[in-house]
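The data blocks that follow each hold one structure.
There are two complexes below, and they share chain A, which is joined by chain B in the first and by chain C in the second.
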Partner chain A sequence: MKTVIRVLIIIVIFILLFVLLNMLLQPKYAETLVEGSMISQYYTEPKDHEVIFIGDCEVYANFSPMVMYEEQGIKAYVRGSSQQLIWQSYQILKETLKYEKPKVVVFNVNSMRYDKNSPEVSEAYNRLTIDKMKWSQEKIDIIKDSMTEDETFLSYVFPVLRYHSRYDKLTSEDFEYLFKRKNNTYNGFLINKNIKGVTSLPTQRRLADYNFSEECYGYLDKITNLCKENDIKLVLIKAPSLYPYWYDEYDEQIKKYAEEHDIDYYNLKNNVEEIGIDYSQDTYDGGLHLNLTGATKLSKYFANILKTNYELTDYRGDAIYEKKLEEYKQAIQ
Partner chain B sequence: MNKKVLIVIAIIVVIAVVVAVYVATQNSGDKTNPEAQNVTGEVQDEGFKVSYLGVDVTPGTPFNRNDIPEEGTYSEIPSCAFEGTDNVATFSHAEITSAQVNGVETVYSVYFLDTEIKTEEGVAISDDRAKVIEAYGENFEENGNKITYTKGNVELSFLIENDIVTSIEYVLVVE
Partner chain C sequence: MLFNILLLVISIVIYLSFGISNFIFILFSILTTFIAAKFLEKKSKKIILAVTIAVNALILIFLKLYGANVFPSLEGLNIIAPVGVSYYTLQVISYLVDVYKGKYKAENNFLYYCLYIMYIPHLFIGPISRYDDMKAQFLSPKKFSINSLYNGGLRIVWGLIKKLVISGRVAIVISTISQDIQAYQGAYAFLAMILYSIQLYTDFSGGIDIVMGVSKMLGIELQENFDSPYYSQTIKEFWRRWHISLSSWLRDYVYIPLGGSRCSKLRKCFNTIVTFLVSGFWHGANYLLWGVIHGIFVLLGDKIKTKFKWLNRLITFLIVSFLWSFFIWPTTVDALRMMGSVFTTFNISDLCANFLNLGLSIADWIVLGIFTIGLFIFDGNKNKIMQKVKTLSPEIKTIILCVGILLIFVFGIYGIGFNVNEFIYSKF
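After this line comes the complex of A and B, so read on.
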């Protein structure tokens, strides 16, 4: 009996060491590459949002839920991540609906341009979206849908298989955030106060094919159907940006899809003047993403659209959100 | 069971972990580092060559925009989340995109902007498809309107619309 206990103890110790090793070597996304922490921050939030944004960097950089709350009393959350591809947005939406049922889901259509063979699909971005997701059927499916040829499912289960080479790159961040997390966003919005105005842009390239892939349409259908099944209003948007180019041919396809499926579509690139965006001041990277001042303008503008068209509740005065707003205002000073 | 059995079990567990790590990481490289995924090729002797105003700008070669005897406009295009940037230099007839590779600014792509510039084999925008085939042969990959030739670690693509070349681009093959 003693021997059995000893064996069990040894096995438990090995398992614990293995788990600890996984935790230590996995990037923490707390102080660096903070985009990798955004998906998981949602789990600790109160789940009473009436609006959920899904999509790539064009949502988490450009839409500030706290501005929307202050302006219109909207409770919104941005479940965005870097280069979030449409098959990932679908799974993230599915996961979100396990926690709550918003009135409106806003999907940024920029990712329609990338199919699974696009060079923009990479493990680095996959990791930023997937690594910190809680284990669920959606996480299993998102891994299967996203893995590039060189990736293995097992490396998502046991991160040490991927990150073993970080052993000599560990920093104080890896130890400080071994057992804790750092929230870097405000309801999913990542603040960037830097200013880098537009000076020049690359030439708009001609493309061999402007048509979105059947694969992407398939996932857009899934998002549409998921919203319909749950009685959620789906709203498609294209966030304002100057690059990468959003071709007219792209826009026509989304317009057509929206009309055919009775979905509202707002190409906010067309409203830049009305919104008041000044690309010499309101962008932190030369026109790809808005900075804090640009995102504030856009969020005020879009909050008005949401409030006017989708019968949202005015939650102003909510104790939790008032506290959040106070923290947000301190952060943007 | 005795002490020996315990030691054997411990050794097996350690070996299993080590083997699992080794097997799973074979050929993995550092794919979680976007810079490592970006431009990693080296110029091979047999690859396509391209020059602009007499300066060699073959993808994979070091690039100094000041070497080009012409003023250009410049933009930096960052990726969504990482520190790396593509540097885009736009000149009168071509746009050259470069990036830092192992600390060296390296040509990633060359995009022709008008009919004033020709490939080394004499093809320019506005030529017809037959001229492309005559210059480069039938060994190409076709994707919609685009045909792509690969030589060494450089891809040369022609966009052909209504039998006319409307776009020419050299791109470094990335691993």
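After this line comes the complex of A and C, so read on.
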């Protein structure tokens, strides 16, 4: 009997060590590759947002909820992540609705361009979105929906299976953030103060087929239905970007879909002048994404649209948000 | 009986998962040899024996030749050799010959015969078992004990360490070097030869350790396939320690029937060379020269042995490593060229400068070095260590198992880009 107990204790210690190993070897996304920490930061935030943004880098780089709060008193949160695919946006929205019920969901339609066979679907981006999600049915579904051919479900359950080769790449960050986390965004907005104005742009490629896939439409339908079921106003947007990846043919399809489903659609690419974006100053990567100044201009502009059209509450004066705003202002200085 | 049925069903299901064509091939071998063995007890048995062996051997020979692109006109057929064909063909032949010689009677129970051939743990990389040994294992009452689970588990973990930690790392370097024969000659080729010795050994013996461990857990003891081969002092000794089940099969069913060593010197030489030709061919039609050279070294035997044990071991290791060139580079000409380059291209300084550009980081090289040294220390004291392990308490065995598993998780080479399931010897 004593032997059995001793063996069980050893096994428990082994399991603990195994768990620790998983934690140690998984990237912390605290100081480097911070894009991987954005999805999980949401769990630490108060869940009383009236506006939730979902989508790819075009939301977390371009829309600053703190500016929206300061301008219009909107409580918004950006649940964006790098190359967030539409089936991921759907699951993230589903997960969000378990925590709170916003009045408006803003979905950036850029990801309609990619279906599951697109070369842009990559394991590395999957990891940034999924790794730090809390375990839930949505996480299980998002993994199943997102896995590339080489990936295994088990490697998401036990990150050591994916990250074991980091054993010789561990840095002080891995130890410092072993048991703690670092918030890198302000309500999901990732500040980037760098300026890299437009010098040249890639030429627009002609495509053999401009139609969005049935698969993407299917997920867009799911997002639409989910919002309807929860009495949430869905707003479709296309964030501004100078890169010629959004074709007129794409825009027509979204416009048509929006009309058919009675959804508002804003292609903000068309309002660059009105917003006041100066692509020599307001971008950090030559026109693909906006930097802090560009995002501030866009957020002010879009906050006005939201406030005007969607009966949002003016929360200005909220103690928690005032404190957040103060921290945000310090960060952007 | 129920256990054996279950084992057979599991084996068939797993085997079927590799494709129905695999199953048709193996079923053909099983049926032809099972039925032929029954007739061997009657008249005209020599013809039945010869025809059945010839049919089964011809399938293997054809597949080997096809694999070596000997029939370019048939390339379009896209024939894929059934999994384990090299192993089970030798097993069915040994069964037929043993029945013919009266070593044991033909099996009446089809289940046992099927299980002998299809027993899934040994179907992919051996060891090549004999029917009487396996039947005794199937018939013996299964004593499942914590001890057999521990010992089996330890063997599996050791096999996985060899396969994933050592072989997986070496494979990266070998792949880099062998892909560019223009850039990587001389010292690089020599490094590849030495490392490939380690890769092939850890890959193959690691796989065998897993097979043995699983079998041990199932209460089945298989024949050992390795006995610290790189501690051999001659090539002849090497073949007594390396892939033992193949060597003993070749001895019993090729070398001795040819006349063995109880004949004239010339005939003995002929028998040895033929046996190693068969060995080479069994590995693939491209390895005939490799087999013949090994045969020559076996014939030389003690003639190239010095009085220094460690020097003999080193010489044997170097000879074996050089000859693995036929396995590293895609063609015989390439292999010979690379062997020659070791003596004509002196680029050791280039290798030193490029050491970290061969696919492994400095940490990987250190890990590889530590585990390889550990492997050789283990091999040198194998029996002592194995005996000691058997007497350890369950607590210590649990600790060793857990530490082993953690080491595999951290230092193993697996995941995206690495095919863990593939063993070099499963391709032969």
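Note that the second predicted complex is superposed on the first by the 331 of 333 C-alpha atoms of A that agree within 3 Å, B and C clash if a C-alpha of one lies under 4 Å from a C-alpha of the other, contacts with A are read in each partner's own complex, and residues count from 1 in each chain.
Note that contacts are C-beta pairs under 8 Å (C-beta built on N, C-alpha and C of every residue); 3 or more make two chains touch, one makes a residue touch a chain.
These figures come from a predicted structure and were not determined experimentally.
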item: Which of chain B and chain C A:Y43 touches, first, second, both or neither; value: neither
item: Which superposed partner A:L154 touches (first chain B, second chain C, both, neither); value: first
item: Partner chain(s) touched by A:F175 [first = chain B, second = chain C, both, neither]; value: neither
item: Partner chain(s) touched by A:Y99 [first = chain B, second = chain C, both, neither]; value: neither
item: Partner chain(s) touched by A:L25 [first = chain B, second = chain C, both, neither]; value: second
item: Chain B versus chain C as contact partner of A:Y125, first or second or both or neither; value: first
item: Chain A residues touched - chain C or chain B, whichever exceeds; value: B
item: First (chain B), second (chain C), both or neither touched by A:S165; value: both
item: Touching partner for A:V7 - first (chain B), second (chain C), both, neither; value: both
item: Residues of chain A at both interfaces, chain B in one complex, chain C in the other; value: 3, 6-7, 10-11, 14, 18, 123, 150-151, 155, 160-162, 164-165
item: Residue numbers on chain C that touch chain A, as the complex places them; value: 361-364, 393-395, 398-399, 402, 405-406, 409-417
item: Chain A to chain C touching residues, read off their complex; value: 3, 6-7, 10-11, 13-14, 17-18, 21, 25, 123, 150-151, 155, 160-162, 164-165, 167-168
item: Residue ranges of chain B in contact with chain A within the complex; value: 1-2, 5-6, 9-10, 13-14, 17, 20-21, 24-25, 27-28, 30-34, 37, 73-78, 80-82, 88, 90, 95, 97, 111, 113, 143-146, 159, 166-167, 169, 174
item: Touching residues on chain A, where the partner in the complex is chain B; value: 3-4, 6-7, 10-11, 14, 18, 27, 33, 35, 56-57, 82-83, 119, 122-125, 127-128, 148, 150-152, 154-155, 158, 160-165, 199-203, 205-209, 243, 285-286, 288
